[in-house]
Amino acid sequence: MKDLAERGRFGDYGGRYVPESLVAACAEVEDAFREARSDPGFRERLGTLLALHVGRPTPLTPAPRLSAELGVTLLLKREDLTHTGSHKINNVLGQALLATRMGRTRLIAETGAGMHGVAVATGAALLGLRATVFMGERDVERQALNVFRMRMLGAEVVPVGVGSRTLKDATSEAMRHWVGATGEAYYCVGSVIGPTPYPWMVREFQRVIGDEARGQCAEALASAVPDYVVACVGGGSNAAGTFAGFVDTAARLVGVEAEGGAGASRGRLGVLHGFRSLFLQDEHGQISEAHSIAAGLDYPGVGPEHAYLRDLGRARYVTVSDEEVVAAAVRLARTEGIVPALESAHAIAWVIRAAGAGELPPGATVLITLSGRGDKDMSTLKELV
Amino acid sequence: MKDLAERGRFGDYGGRYVPESLVAACAEVEDAFREARSDPGFRERLGTLLALHVGRPTPLTPAPRLSAELGVTLLLKREDLTHTGSHKINNVLGQALLATRMGRTRLIAETGAGMHGVAVATGAALLGLRATVFMGERDVERQALNVFRMRMLGAEVVPVGVGSRTLKDATSEAMRHWVGATGEAYYCVGSVIGPTPYPWMVREFQRVIGDEARGQCAEALASAVPDYVVACVGGGSNAAGTFAGFVDTAARLVGVEAEGGAGASRGRLGVLHGFRSLFLQDEHGQISEAHSIAAGLDYPGVGPEHAYLRDLGRARYVTVSDEEVVAAAVRLARTEGIVPALESAHAIAWVIRAAGAGELPPGATVLITLSGRGDKDMSTLKELV
Amino acid sequence: MSLEKRLRDRGRKLLMPYVTGGITDDWTGYLRSFAAAGADAIELGLPFSDPTLDGATIQEASDAALARGATVHGILAEIEGLDLDVPLVASTYYNLVLRDGTSAFCAALRQAGVAGLIVPDLPLEEAGELADAAAAAGVDLVLLASPSTPPPRLYEIARRSRGFVYAVSRMGTTGERAALAESAGALAERIKQVGDRPVLLGFGISTPEQAVEAARRADGVVVGAAIMRRILDGAGPDDVGAYVTTLRRALDQESDERR
Amino acid sequence: MSLEKRLRDRGRKLLMPYVTGGITDDWTGYLRSFAAAGADAIELGLPFSDPTLDGATIQEASDAALARGATVHGILAEIEGLDLDVPLVASTYYNLVLRDGTSAFCAALRQAGVAGLIVPDLPLEEAGELADAAAAAGVDLVLLASPSTPPPRLYEIARRSRGFVYAVSRMGTTGERAALAESAGALAERIKQVGDRPVLLGFGISTPEQAVEAARRADGVVVGAAIMRRILDGAGPDDVGAYVTTLRRALDQESDERR
């Protein structure tokens, strides 16, 4: 498949639907990224950061006990083992390096669960930048410890009290703030969303997941390529990064959304936050609030590439319920000693369901990206388990 | 230096001061360990677990910004990046494999901060064992999320309501429980403490830290070996594992204790929990309660090997205050984007002080073991920062 | 008659007050009072759940209107019967346009008597489809320019905008500000150098003094948040009309003095 | 006269009740009442902060005594003047022995009139130094055997123990139990097969029935937690003495019947 991303479009999706005041800033980011990605010095610096600070490559871990129970062969790509605890850091370090290259002195970001915010605060500290993180007031309450983690790292956390007071509104507020600060600040988007070049760029920074996993699968599997490649989808960055490594293989790609945040599965064409894609909206075109037990999936849209892969039939998007997710998290913990982030547990939950329903043929090989660790979700789970 | 550990003694320290009912059990553990460590199959299985589940090798990360501020060259051994978030897992997987080899079906453990308990719960889940973790009632309150993490992983957590209701009492209770369960249960000690063979065995399972770091320093430093090797000391396992890689070099070894839990620095000869070493005690020989902001250093004694290294003058033991520790944690977070466990922050705090006081010569190379990540300490820090 | 011609025909500094459609039960009263107070055009906000370019006041107004049940088609139905002698310029976010599809949306505007359309999250590159649909329906698609817009692009915007060019006075969101940004006048002049479309300055204009200052270098001003703040605080059509009148008088007086 | 000889001279099933030193103000009253009730020896617990082999009752008693300010030397001073005609056997953890050093500690015991010493966390391999010091001071160091002790080691324990062998009836800590463990009698017999030291069974013996059952295969019993439970619940020397008397009678009656 040709990479359409470079042109800023994925079929009918993507684009740069931003106020005129941000057009130049987006274009600068795009130019800088094009330059950086073909600069061996940049790639090397990023590679070093990923190896020495993030702990890459992350392992591909077999899950023998759960595999035996399900009658399939599971392999887990362990983004939960990265520094700060989720795949978000891969993208953040790429963008933070880009920001320093562009001479910016401050990072702006939105965050939902706080994982992207923590990653941004971390990248900023590491590179000597300031950081301003917007976070919905409801998430500030739900994820109080991540808020404190960011502050501990020296970031300013700005609670957003408008709208649904979650990720969607934090994203709007971050964009508003950027409009007034394009000279000194770099907007570090946390998923494969936003205006061109973000969906493309973030996927490129996350493709390290898929590229590593591809090589590791070749070692671990007789078939070299797994039959299924499964990842959870909020905005879609861990899935996009994973899929990038397998899109040119025969592997079936499955993106798992939260029932209450199923942009790809149940969204309608729309435009928000600078990009054209599928969004949950009411009959009048007003954007709906998403609801998921996993704050990181609490987003009403999906990255444009996923909308495109869905239309092409190259990837499939499915949903699981909060109950299935909690059960899956507990099951993985008890069989493999891994407490996944609730976001990541969506991918596990679908595999459990599909294996049980015979949808996954017995003996199928399944790569699951574990996008993050569950530490942040302990207080949520405590109420439920 | 000859390895005295194999004989169960470190000079005047160590030994097996256990009730007669545990003598046979300890001897069985020792025999099994001697056998296992010379069995290539065991070593390979453990190596695979460490690579695929734990994420070893952990990186050796330069800390350029803090180094520049302090005028020395810091290298951080990143045990905080391991699965479950601290070095404890290295030891636990070794012992858990040993337990299965011995036909045991359950792990018993004590825990203070909960990191060893979480590691034990994890190792048990991974290998299909049951786990019973003893934890002082005060720690159960202070570390509520780790308690839930253990339960999520399927472990039984038993609150201990006697004595100071912290790690010391949890350890006593675990030993009491083991007396009645030696047939089916394996006691998985969490540090280089306890009766022979534990101090030796736990150090051997933790030496992977020092061995990796030694090789990584050889790559990273012109001098191949750092001038200083610094680690925090509770029971002393991360320090023992680190030192093991450097004991035969010219590196100066420094163990950093909490002011309120300084067994090596301020303890007197005694016997507790099966071993002879240095313990904080009152004039009458009653064991004192330790007090540290870092629950994992809240232990009144120190592993026998450290007492021995101190007497030999091969390692030096120093203390830092809670205030220095909190300031060090914040400083590392803001300069390097790493929020360390409060335990690990002790090592940082001493280096900051020693560099400031000119005790570390300008340009000195310093390896610091970051034994764990700070996520567990967020609520403690929140009150203080 | 085209929007641009209607504006030119006024022969004075232009004043375009803004109101969020559906903000109160009798919100169309504001349209009448604006017309009576000397508005040359009225910007009619079609409220969107996620107004990413708006500051706190217009966000609050949008939320309030939506909470009252306001919808695009409800608002358009309410204005269809009105007989205002000033042109209405709808402004909304692109998602609401896509909801109906560009053609249907423009046809609905036209049907309701709306003359122009502003879509702040639709920059030049993305505007093609809507521009065509608007042209086909006889609605003028107004493009925005900003202080950060580089010259060649500014030329293109001036060329492709219809009705007038909406000059965003400052790098920021809508909302009242203490002083008019430095960048405002310079931008207006830059636009006028590259085209001959009328230029209206908006964002951050709330006092008569600011309006006068802005109109010195532009063809007129848009006043939004200052009006919505008053409405949210309970001001009715007469009160707000009186405020618009003071703006009108200030602009006219200044023109008279300059003549 | 050696502890062993004094025990043998009783010519009956042995009863060794236990008390934690310093548990109450007049705790030495318990010693007197035990003697009067027919104890053959008394185990005197020197309380330690971390009694790792004790169950909840003796832990509680140790904590209570320490909270009252009990110390090894204070307790020894209190017994020094007492003129009991049953031997006292101190029991404590090794840390308290090391506090003074083995020789000084044994000398202090001897000085206070203590005949024997039990150190439950000091197994055979580690006992050498203390055994020497105890022998030098004329104190009998009693070793413990447990159901898990293998035969050759049991022989060594029986050989090196002085006074008697303390047979731990079950794999567990001190404390009352509903039934005497299966392992108890078997262990006692195994010890008697490998040596001729008297064997006292302890751990979990609280009722006269259990005492009788235990004494069938051993030379006597130790009763600890059951006594301390009563003391912690407020029983004075007379009450506890009465309890010890019931144990004494049960043991004697059984012996008579068997004869």
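Every chain is named by a letter (A, B, C and D) in the order it is written, and numbering of its residues begins at 1.
Here is the rule we use: a contact is a pair of C-beta atoms (placed from the backbone, for glycine too) under 8 Å apart; a residue touches a chain by one contact, two chains touch by 3 or more.
Keep in mind it's a predicted model, so treat the numbers as computed, not measured.
S.K.: Chains shared as neighbours by chain C and chain D?
M.R.: Chains in contact with chain C as well as chain D: not a single one.
S.K.: Hey, how far apart are chain A and chain D in touch steps, shortest way?
M.R.: 2
S.K.: Just grab the chain with the largest centre-to-centre distance to chain D, centres being mean Cα coordinates.
M.R.: C
S.K.: Averaged over CA atoms, how far is the centre of chain B from the centre of chain C? Could you give it in whole Å?
M.R.: It comes to 67 Å between the two C-alpha centres.
S.K.: Which integer distance in Å separates the CA centroid of chain A from that of chain B?
M.R.: 34
S.K.: Among the residues of chain B, which ones contact at least 2 other chains?
M.R.: Chain B, residues with two or more chain partners: not present.
S.K.: Any chance you could list the residues of chain D touching two or more other chains?
M.R.: Not one residue in chain D touches at least two other chains.
S.K.: Using the definition of touching given at the top, classify the network of chains in this structure as line, ring, star, complete or other.
M.R.: line
S.K.: So which chains end up touching which?
M.R.: A-B, A-C, B-D
S.K.: Would you tell me which residues of chain A are touching chain B in their complex?
M.R.: That would be residues 51-53, 55, 58-62, 65, 78, 80-83, 85, 121-126, 128, 145, 148-149, 151-154, 329-330, 333-339, 374-375, 378-379, 381-382, 385 of chain A.
S.K.: Which part of chain C faces chain A closely enough to touch in the complex?
M.R.: 48-56, 59-60, 63, 66, 71-73, 93-96, 98-100, 120-126, 143-150, 153, 157, 168, 171-173
S.K.: Could you please specify the touching residues of chain B with respect to chain D in the complex?
M.R.: It comes out as residues 15-21, 23-25, 162-163, 168-169, 172, 175-176, 179-182, 269-274, 276, 279, 281, 284-287.
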